[in-house]
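Letters A, B, C and D mark the chains in the order given here, with residues in each chain numbered from 1 onward.
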């Protein structure tokens, strides 16, 4: 019960930002890319609730518009990682043998590859766009999910109910999707909610390489990146995106905990 | 007997749990005494509050979500009022406890020795070396062979029975005044159960301690307890000397409980399996037990023919994991099973019963042998054929808790095979599910629930319903009732018998519970170290056991008759013989003798 | 006493023949003396060469070498050493100095302390080249021994000698006791530390871990000025900031901006160069429209830095037949550039240019620019002492870095002529004429000139910034 | 055990081969010409041609690959295009730095993440648990550069306790070496702590509800003894794999942190090499981190097995 309360708090936080992101075009806020040379790096005030940035743009409005890119970057790339990583982990863990050998080796190789290199390569390959940034982040987050899933599957596949599934004549796909997958989801959710944070921050470094949200369109990550240069002159430029990322991370983690419990009929 | 002051005196003990923000009372107004040297048993069906009572005495429940009221006097001190720190000095010292699950109650990553000597270091201020010496002594006392050398071994290197003995050693380490044993033998098979019970009795005499023994096995109660407390849904419904309770139990529930107890030898004179008498727990009125009609069809070819089945699990080690040996789990097993017949497969833990069942279904690949189902050679089937075959043979797994997917509603679980084998539409599948649920005595609207929302007995029935979904001809029932408590055990057995009668099913009934086997089977096969050492009609095997192992098995069964309480088995501390053989081991050729028609015994 | 200097990034190979980076040059300033140096007014002054003379219409250059100069390893620096070094620069396969010395036909010792350069054709820019890496004289023995690996243990004749280098961490030099002008060496040890993050650089300065930091960010200027322990100094460098328009480099040149100079002029007019300086550089930079800063004697005063004129820009657009124009602008992915490009993006939007920014890391930018895979590309030129170095190679038809592939015979003629003359007045005339053409064709849109900004601990005495951005340490002490 | 290790090392060979092919094909995959970046501002054509020849960049890729691999197996990783330094020597310079940073960061991550994780598990669903979660997650979401610079400003500039940046070899001046690493290691470790904390917590929750913990309580052990001796090691088991993963990540380089504190480690070198397309260096680093990664995993698995007696017999 208590647990669900915190899940609801998480849901509210995430929804709050999601709604902001979606409603950005209709909210009565300033144009996020309208520069104002007369209002450069102004501290929060009545006119600009969260202050202005290095080009005199309204930070509040940039935060709201940026929510879209950042949430997308966080959620979509994690989804990509899950959608690729989990099935491969499932196959490696379930079948063992050479599929496992191949998947594990490639996973290890990918893990050893610096993110930056993969990102540049993908940027060159796929061309610059937010979508491709998400793909890049997703792909580089994948190995962790493969490993995690594989490890879980190894323990779940020895459960009696898996043998039970075989005994009623189910095929491998059915067993994997209906018996194993639902029972390995808990740690995957924990990992996914943690990865959301990494992904949001990673988007910034990719936009820097020309792969993510391109200037002047805002994202929290790239706002942070810019703010880095004005840490002492305009601390609020760092503060707001920092706080937003923090809240979203908390939100997703609480939600993840709740989701994990909700997916587990024993906890409900 | 209780002339001296009691060691433990419980007054108005009530326990409640905080569930969904509300206090739910689970144990109410328990009052009882335990005198020095006395053994008191608490019996009752699953969920009646036995474990909660014992945990309350030890104050081992999570304080945040539980509330314990009343008075627990241990040698004049109220345990419930002690500060936690002092309570810690009581736990494991004055009162110690043995838990139900020997497999999980020991920390897997510490040595046995350390876990025992910890108690001595903690409570007796012994040095490491002293504790070690004392631990070895204790291990010897509980008859662990080579105690000194096994001090540094880990739990997984011990068999279940030995682990339970380790738990006992641990509990006895500080020479407690009171030992609380919560179902210490339920998970064990009869031979080991017998050993453990005897061990407790002997030690109790030597140390003069009192024992609070929790169980739902009336046979065990009869054998061990001086006095018995019967619990029913959180209430203490009856207390008295064991004999009183057994012979003159007043409460209807007590009588219901007793009548449900299968007694070995009670089937003498019956030709066919017989349903258990069912008593109404509130009125205590028995329903007449009905003898089942003859269902066996001997005229046709057996539905299942097993010939020279061998299953071995390779053991690999060394460089490149070369095979160095094998577990000979099933060795040259042959038998037939006729339509409508129940063949029981009995034997001690690890003798290969489950593996036999799984090999027949090719859930493990047998090493050699033939299995014919309705005349078709199961061993030659390809993947598709195998899937088809599995429509005809179904298995009910040993453990109802773990054999259902915890994240699938039972409705989905039951209709899944039906849908996957394309036997009908979704609607038909729903109808079938409802029908099956009712058939196994549940209601159709339970289909939406998840496995954890059912009791063990109900879950076992769900497993049965699922097995029936494909209208199989043969059901392999692996220890389907062993883990259930008496009343439910009776219900499930009755259910199986009913189903056999109405659907003409053949059962391969795997069990180590001899009393149940006697009641439900037509024929019995006794397995020992992977081989069938004796097989024959039930009456022949039970009344005239030939093989020494069969005899040992029979004698180990506790008899629910308090008058036999003094009787001791010869205590043996032999471990299970191992079915592990080195590479190149040739199983000896076995000779068999037919004692009477169909009753065959291995003679060498 | 030890002087600790924070550099913006790490140097590359420490071999004057091979090195390419700006920070490398900063280190050489302390380690390797050159034939000639430049002074505060960018005039060439003696260093290892005490005097020199041009003859035969600028085809022969004779230099007198300073007497009594020793290399760090004790070897004597004489004419032979100079010849060896110049030849090394011209012939070492790895040498990056070849193009700088491409006009040299022959170099020979005409006396123990006299060197003669014979040129293929008149090239007055040579002197300026010799004031930089091409003119740094290295110890012949060491250079021979180490060959291309000279950078691992460079031996020169500067005031400080090499001690050790840990990549990305530090370069340590110590006082050279036998330096020819050793009285001016007032510190015992110099350590260069690459610290890319400007905030961190300042923090190090404030905590006393650094004595001096180069290229601090403009946004920190104010706080440095207000810090009682620090001094702020800046100087406009010889380089420029510009945007290159793809005029004729491959298929992507085929776009309105590349084809129609009116659009380029409109683009340039839509930019408020002063505002950029204020917003991005806090007023420390200089607005500009030519390859030389307005303060330079080479600046063509007839083409003043234009103010922003949106109306005119729109007018030009209309003439070219456009209301709106989509343009893709690639730029290096550092924050200052990103900021600057966003400013420009929003400025030119008012004239109807719809600019899409494409941040690229530098290596990619470079290859895209060379390959012509861009429409508008933003990059900087660090600048050369001689005006030729800022313009010739960019816009002459065969220019080595003519990435815009601009080709105008008239411009070629003017710029080649400017090279040949030793008379500054003549040269200026030619450059002005070329500038007039270029300003009209506008293949390169110049934006302005970046400052070199320094923060120096008050403990450091006797230091002033040089217009070439180098950190000269003679006469500098630390109290 | 030696056999097990040997086997693991053998299967590492294909992994390394895959990685070497991956990393080698980068030359083709990444845009940007290494030679252009090397040629200097003037990009002299002759120099460019010379460099291409010198570094065999004109050879067909398979030949280049084989040449390179041939070098690698004989211990020659080529030279840096940028600085002419042998790659092996460069790695030799950076590796100790990176390892020191990684070890110290791991130390911080562990002393923050594990105790908080344990505490949160013991006090599950209380305000302590919630606070612990928030503290740990804030470590994950506070930007590294912000924390780093704030620390520099506070600890170095204001208080003058620690050097603001730089690096000193631990063999030359251990005290200063540790001092310069404290802040960067903390910044890095702090970010990892969240992951460690969340996983420790869930492992610990599972352990605390197990039967043998009830047994331990029934023996009269104090909560402290139970947590420290009976649960901790058990909960550590699943965390070990994670530790290896995290440590591997650290080896691969903590670019931003190294940059802020100007620590000459792998991360900075990788970034510089990637940005200047100094492929010999990139390849060397990636291979080296891959080996490190494989070793860490191996160590983790060995630790896992050693801590888990049930598995001990299997290897």
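Going forward, a contact is a pair of C-beta atoms (placed from the backbone, for glycine too) under 8 Å apart; a residue touches a chain by one contact, two chains touch by 3 or more.
None of these values were measured; they are calculated from a predicted model.
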item: Centroid comparison with subunit C (C-alpha atoms), farthest chain; value: B
item: Two chains sharing the most C-beta contacts; value: C-D
item: Distance between the centres, which are taken as Cα means, of subunit D and subunit B, whole angstrom; value: 50
item: Chain centre separation in whole Å, for subunit C relative to subunit B (CA means); value: 87
item: Centroid spacing, where centroids are CA-atom means, of subunit C and subunit D in whole angstrom; value: 38
item: Subunit D: positions in contact with at least two other chains; value: 31, 145, 149, 153
item: Where subunit A touches two or more other chains at once, by residue number; value: 120, 124, 228, 231-232
item: For subunit C, residues contacting two or more additional chains; value: 197, 199, 361, 364
item: Parts of subunit C lying in touch with subunit A, wherever the complex brings them together; value: 197-199, 217, 219-220, 222-223, 275, 278-279, 333, 335-336, 338-339, 341-343, 345-346, 356-361, 364
item: Subunit D to subunit B touching residues, read off their complex; value: 3, 7, 210-212, 214-222, 230, 233-234, 237, 307-310
item: Subunit D residues touching subunit C - in the complex, by the definition given at the top; value: 31-34, 36-47, 50-51, 54, 82-85, 90, 93-94, 145, 148-149, 152-153, 156-157, 160, 163-167, 259-264, 268-269, 272, 275-277
item: Of subunit A, residues touching subunit B in the complex; value: 1, 159-161, 163-171, 174, 178-179, 182-183, 263-266
item: Partner subunit D, residues of subunit A touching it in the complex; value: 2-3, 6, 101, 105-106, 108-109, 111-117, 120-121, 124-125, 144, 147, 151, 186-187, 190, 194, 197-198, 201, 224, 228, 231-232, 238, 242, 245-246, 249-250, 253
